[in-house]
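I have a structure I would like to understand better, so I am pasting it below and will then ask my questions one at a time.
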């Protein structure tokens, strides 16, 4: 089981800020993005590649080949715009 | 007649902060420095070339070939150290 | 090293003063304040809402300050960043760096801002005369950060 | 554009605040505070006396701010510089630059300090445990300024 978090535009578009996600096989960020895209509709819209998305595992920015372990907190969000 | 001003280390070394100076011929900063050096003693020490000196005419930094006109305010001082 | 994320406003003068007096060998104090502009990309902005990722944001800002301290000869640094809804002219962020000399303090302060802008998980949403909109990340911010990657 | 030379201390927070609130389109506020260090070139400093050239100093600082405004896209700038006798941790100088974006405000603020250090007629004399000494100009300050000469 991993925890998924969504922030900012992504959270609003998906209408969800977090969910628990159960998975059996080894998972990378890229393969998780594929799974989420396959949900269709707004999920395909946001994760399908048209929009830039950043990912963090356990609160550290990662690239798409990063491996997700059981118990991880995985967050997706648009490029940051603070400051 | 021109007015000469001395600041900081120079003022202390010469023991004078300002003087009026009468001159007949055309004067540049370099020729004025020669005149002051010729006074000998601390004047030679300060203006003789061993120490870096800056000059301003009418409150604008100038180089040694700048020409001094009658009525000008000419200031000599060490490199600045504010801020 | 101080990192604070808060909804309430901050007293920049008091924060800068406290940091600059924290050591007797401080010669240079460089500060950046970011504030809400009344106009962005040509559209009038009536309010700005800042969202963040609690936990990760603090960690990201601490990492940025730690990296700045490793990279430059500075003494200490402070980041205060607000979240929640702000009005034009409200302060968003304060970064203050103290050191012996100005060159390194300036570079460190600019480095912290460049990384904060591109790596700290904050997101801005503007209330404008045309409705709400999420602020897009600027290419110029990524370019600014890339200066330091050598 | 504000230039002030004064013996009394200044409230940096109030000065920065007043300048940053002077326009609704300000997004970036960069400030530098220089303060007296307790140690210089390895010798303990008990006091610092600043002398200046009244008239020329104001003119030099105004010119530096004017040049900064011509060179960068900034809105306004402020320089306050103290003269007279100061103690360690006393503020010497405040430079604040306001603009729309941080990059130009940072550059302008650093430019102003680099030129102030090399062209504004101020001179420092230190009271140390070894007696009084005039502070020598630093080669590094001339080098810092030469960055902008292109």
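Letters A, B, C and D mark the chains as written, and numbering starts fresh at 1 in each.
What we mean here is this: a residue touches a chain if its C-beta (ideal position, glycine included) is under 8 Å from a C-beta of that chain, and two chains touch if they have at least 3 such contacts.
For clarity, every value in this text was computed on a predicted model and none was experimentally measured.
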item: Where chain B and chain C overlap in contact partners, by chain label; value: D
item: Centroid-based (C-alpha) most distant chain relative to chain D; value: A
item: Chain C and chain D, separation of their C-alpha mean positions in angstrom; value: 23
item: Distance from the mean Cα position of chain D to that of chain A, given in whole angstrom; value: 48
item: Where chain B and chain D are represented by their mean Cα positions, the distance between them in whole Å; value: 26
item: Set of chain D residues in contact with two or more other chains; value: 34, 102, 113
item: Residues of chain A whose C-beta touches two or more other chains; value: 83
item: Chains that touch, pairwise; value: A-C, B-D, C-D
item: Residues of chain D that touch chain B when the two form their complex; value: 34, 50-53, 55-56, 59-60, 81, 92-93, 113, 116-125, 134-138
item: Complex contact set, residues of chain B against chain D; value: 5, 7-9, 52, 56, 59-61, 75, 77-83
item: Chain D residues touching chain C - in the complex, by the definition given at the top; value: 11-14, 16-17, 20-21, 24-39, 88-89, 100, 102-103, 106, 109-110, 113, 140, 144
